[in-house]
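Okay, structure first, notes after.
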Amino acid sequence: MRHGRYPFILSFLALPVGLYAWLVILPFAQAFQISLTDWSGSSNSFNYIGFDNYVNLFKDDRFVLPALRNTGIILVVLPLVTIALGLFFAFMLNLGGKMRRGRIEGVRGARFHKIVFFFPQVLSVAIVGILWKQVYAPENFGGLITGALGAVGLPAPVNGFLADKRFVLAAVIGVLVWSAVGFYLVYFSSAIASIPRDLYEAAIIDGAGRIPMFFKITLPLLWDSVQTAWIYLSIIALDVFVLIYLMTPEQGGPDGASEVVGGVIWKYAFKHGEQAFASAIGVVLFFAALSLAVISLRVGRRERIEF
Amino acid sequence: MAIETPTPAPAEASEKSQARAAKRLRSEGGVLNLFSQGFLWLWALLVIIPVVWIVMTSFKTSREIASDPLALPEAMHWANYVNAWTNGNIGSFFLNTVQVMAFSVTGTMLLGAMAAYVLARYEFPGSRLLYFGFAAGMMFPVFLALFPLFKTLSNVSLLNTKTGLILVYIAYSLPFTVFFLTAFFRTLPSGVAEAAIVDGAGHYRLFFQVMLPMAKPGLIAITIFNILGQWNQFLLPLVLMNRNPQDAVISQGLANLAMRQGYEGDAGALFAGTVLAMIPIFVAYVIFQRQIQAGLTAGAIK
Amino acid sequence: MSNTPADRQAIFTRRNLFGATAAGIAATSLGACATSGGDDEQKEVTVGDDAENPFGVDPKAPLDVVIFDGGFGNEYAVAHQALYNEAFPDAEIEFLATQAIAETQQPRFAEGKPADVIDNSGAQQIPMDALVSDGELAELTPLLDAPSYDDPALTVRETLRDGVLEAGTFNGKVYSLNYVFNAWTIWYDSKLFSDNGWTPPTTWAEMMALCPTIKAAGIAPWTYAGQHPVYLYDMFLMLAGRHGGVQVLKDIDNLVADAWRHPSVVAAAEALHSIGDGGFLLDGSAGIDHIQSQTAFNENKAAFLPCGSWLPNEQKAIAPEGFAYAPMGVPYLDGSVQPGLISAGGDEPFVIPKNAANLPGAYEYLRIMLSQEGSQIFGDTVQAATVVKGVELDNEAARMTDALVSNPDDMFQPKLRYWYTTMDTELRPALGQLINAETSAADFIDRMQGVADETAADDSIEKFTHDE
């Protein structure tokens, strides 16, 4: 079978690698090149200025530093909450029901819930933005949540959730979780379904309750899936921008309270005419993300449980 | 689904202890059941209410939407749908998106599977470097590449063409696809492959006739990921397909509607367009949700 | 940004950096730019003797037009192109109407192949200061000096209203033609006021005295487009300018040291702060867009609304019967030296890139736009005031604008939003914070003076001044 090995490898790799190098790697290499210049983005000439952009971006406490902080928060909160909810719902749907003939079952209506929970995932982000902008609106202007809070006599932010510095970031994360949970619910459900039932039934006989069952059996066996989910959600967290662009005042406001790195790149590139500076931010973001992924893969590595 | 797969009850369990455990668990299950049902319904409402509300709003006049957003429509204002369909071009945007994605998703899966297969099952100098090269691509912020990409496509006259967009979609979906498919191909049992080799299968036959069918569940899962991802692409088409408004894809079209609403105040058409864009996805989702979930199931089993 | 073309390099032409590793692929992608800009021996357009075709348009040359597809739509542009094609039937016109001007056109500038005429407007316009300081735009002098379309005895410049060219003037050079004429003011519903027996206030003190009465009637005194604090811009600046005279605003634009600490500016900031502080803002204002604020205003949920002269026209479909729009100008502070000062001038900037392939055609296109017929089409189609003198328009916006700017001497357009993007992006949220009383007047002044000082000290930002 050694025969024709290299021609085969070459023939299979040529197209994907070529396309990837041409349309992904090379443009990014050029972006790095651009980050060393003072190019505005709307001209076809520039000067090389070395690493000035990189030095300056860490001094930019108006946009870049708050954006790094907010992106950092999203990076921690989004995967944590989404995975926790996804696992919880998946466990409930599959094993949260009654015990029947010595077997535990999912709750009633599991199929229905799966369909409903997953639905936001198929909505385009533009739709999600339009929808939630109104849900979060001020009470005077038909906000669903503010209206509901007001109806039961609870205090609600007077200008709605998106125009309030204290809530805007949480509100955006809420929408991200809302649209992602269904996917991870289905994903984790599938993983739970692949765990042999006898393991649970054995645990029942050993007298384990449902909560220890989750932590002793389900979670360890799902570790690979959780890790995959974590990486995928981290990538989403770093890319968050379109929602903020569609929902928040001044695309990152009020007064910069929901500024994220993606948005700052966009602002500098297209609104400030500082494409080179924007590229430098992007390059920093890339290396931050890369180190993060490497670290989380290293730390998350566990012994695989075979069953 | 898990709950539908019968598993034989453990035969060796003693009748007595099983009965005892079952009793305790039943009472615990009752409380938990109530709690979990409550929580699940709460979340379900969180999904259903906004969607129902947006459908309701799509039948209201702009004045009704502005003055009383929560009220039921006074009359079914179908004109919104006419406006969204004619001015918003939702139909043709949809068609454009489907046309592009038919090729881009197929291309992504084919090229992705080829690269992933080789990287997963053949050791050669530089294979790890290539693998990490692809994986690192997942972290690239797309913003960064917009300008150089514009130039690159323009140089080969692929700017503002569907072909160009398809190639770019493929290239930008490869990192994710290769990363996950490589993991998947690695888990496939080597016994079958060895048997096929003994039977005299070459590298190509082995891939297309043995490995690819075996990888089908994984391929389905990643295909779904890619469909969702490419369906939502916004920036790439905005910059790379900017010449001819009729060529816009659905996400551009909707954002366009949203912005027009800002300038012209036709909120009704915006919501109607949103609903129109939701319907085909909803139908496709309900029809294929078994396959989608099955695909993900396969993806989860490693 | 350096302005000496000699030490600049055309972008994407350098292959030495990555050439070694990626030579093969680089050949197609890093390849030299065919029309690489920077070559300053660019075809200059001069004004010839032929009044029919003063720029010497090649009748067969194609024309590439990009229109901002926002509130004005693009119907008027289609009509303008028909006029152009009447004069040059063989010219093929490529036309794009879009809202994403920056995302779609910036890469074309970068490539050195921009469109010929660009309506650089909307929320996603390309920052004018970047375009000007990069030297990407053609001066409009040939256009302004050319004989006008209808009367060869008059130049195009002479057919324009006063103050039109201001917004497009950078250090004395005109780089954009702002095609619609707008004025900013404060609106109220005169029917509501007469029904309640309220007198529309002219001074700030009168206004503040009336606010509790309005509030007692169950109406919030003020609302504004909270998501776009740019709507507060002119209200704030006119408060300061009316109080201290127009020079106060010129000093701000000119980045004069401590311009923001001028007592008139401080007084204006305190005044704005007092609206939120007194609880005179409609609940939720900070969270709404302009359409929502205008609708709330139409429903008499709020008594005063800062907006432009286009408001009655924009709200036609939504305003209830009997709603009577009336402008009252920004209520001026006690001791104001120029109480009639009004922010008015051109808006909707049309630019011609210096590297446009068909420069003469682009100039001619603008000349056609500025003809009586072209302006008439625009005014009638989009229901707005035109920048050309003597066009009879039957629309509300045009009448309102004319009424507001009765005295051209009191007309002034603050420039910092065109000249310094960094200051613009700082002022917007800062004003939002101020009117909601989430920041004090003193902090607001410190913040704006801070960004003004930074801008003044930053050598990479090209400076512009009002000519004295």
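We call the chains A, B and C, going by the order they appear; numbering starts again at 1 in every chain.
Keep this in mind: contacts are C-beta pairs under 8 Å (C-beta built on N, C-alpha and C of every residue); 3 or more make two chains touch, one makes a residue touch a chain.
In this text, all values refer to a predicted model and were calculated from it rather than measured experimentally.
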Next on the checklist: Edges wherever two chains touch, nodes for the chains themselves; is that graph a line, a ring, a star, complete, or other here?
Outcome noted: complete
Next on the checklist: Count the C-beta contact pairs for A-B and for B-C, then tell me which is higher.
Outcome noted: A-B
Checklist entry - Taking every chain's C-alpha mean, which one sits closest to the mean of all protein C-alpha atoms? => result A
Item to check | Rounded Å distance between chain A and chain C, as computed from the means of their C-alpha atoms | outcome: 38
Checklist entry - Roughly how many whole angstrom separate the Cα centroids of chain A and chain B? => result 14
Checklist entry - Rounded to the nearest whole Å, what is the centre-to-centre distance of chain B and chain C, using the mean of the C-alpha atoms as each centre? => result 41
Checklist outcome for this item: Among all residues of chain A, those touching at least two other chains are 22, 25-27, 30, 34, 41, 137, 141, 275
Checklist entry - What positions in chain B touch 2 or more of the other chains? => result 146-148, 152
Item to check | chain C, residues touching no fewer than two other chains | outcome: 12, 28-29, 33, 103, 106, 110-111, 292
Item to check | Residue numbers on chain C that touch chain B, as the complex places them | outcome: 12, 28-29, 31, 33, 69-71, 73, 96-100, 103-104, 106-107, 110-111, 113, 122-123, 289-292, 295, 299, 314, 317-318
Checklist entry - Any idea which chain A residues touch chain C in the complex? => result 18, 21-22, 25-27, 29-30, 33-34, 37-47, 62, 137-141, 158-160, 162-165, 249-250, 253-256, 267, 270-275
Checklist entry - Contact residues on chain B for chain A in the complex? => result 1-3, 5, 7, 9-10, 13, 17-18, 21-22, 24-26, 28-30, 32-33, 36-37, 39-40, 43-44, 46-51, 53-54, 57, 68-70, 111-112, 114-115, 117-118, 122, 124, 130, 133-149, 152, 167-168, 170-172, 174-175, 178, 180, 197, 202-204, 207, 228, 231-232, 234, 250-251, 254-255, 258, 270-271, 274, 277-278, 281-282, 284-286, 289, 292-293, 296-302
Next on the checklist: Looking at the complex, which residues from chain C come into contact with chain A?
Outcome noted: 1-2, 5, 7-12, 14, 17-18, 22, 25-26, 28-30, 33, 36-38, 102-103, 106, 109-112, 124, 126-127, 129-131, 133-136, 226-229, 282-288, 292, 296, 301, 355, 421-422, 425-426, 428-430, 432-433, 436, 438, 460
Item to check | Interface residues, chain B side, partner chain C - complex | outcome: 62-63, 66-67, 146-148, 150-152, 154-156, 235, 238-239, 242-245, 256, 259-265, 267
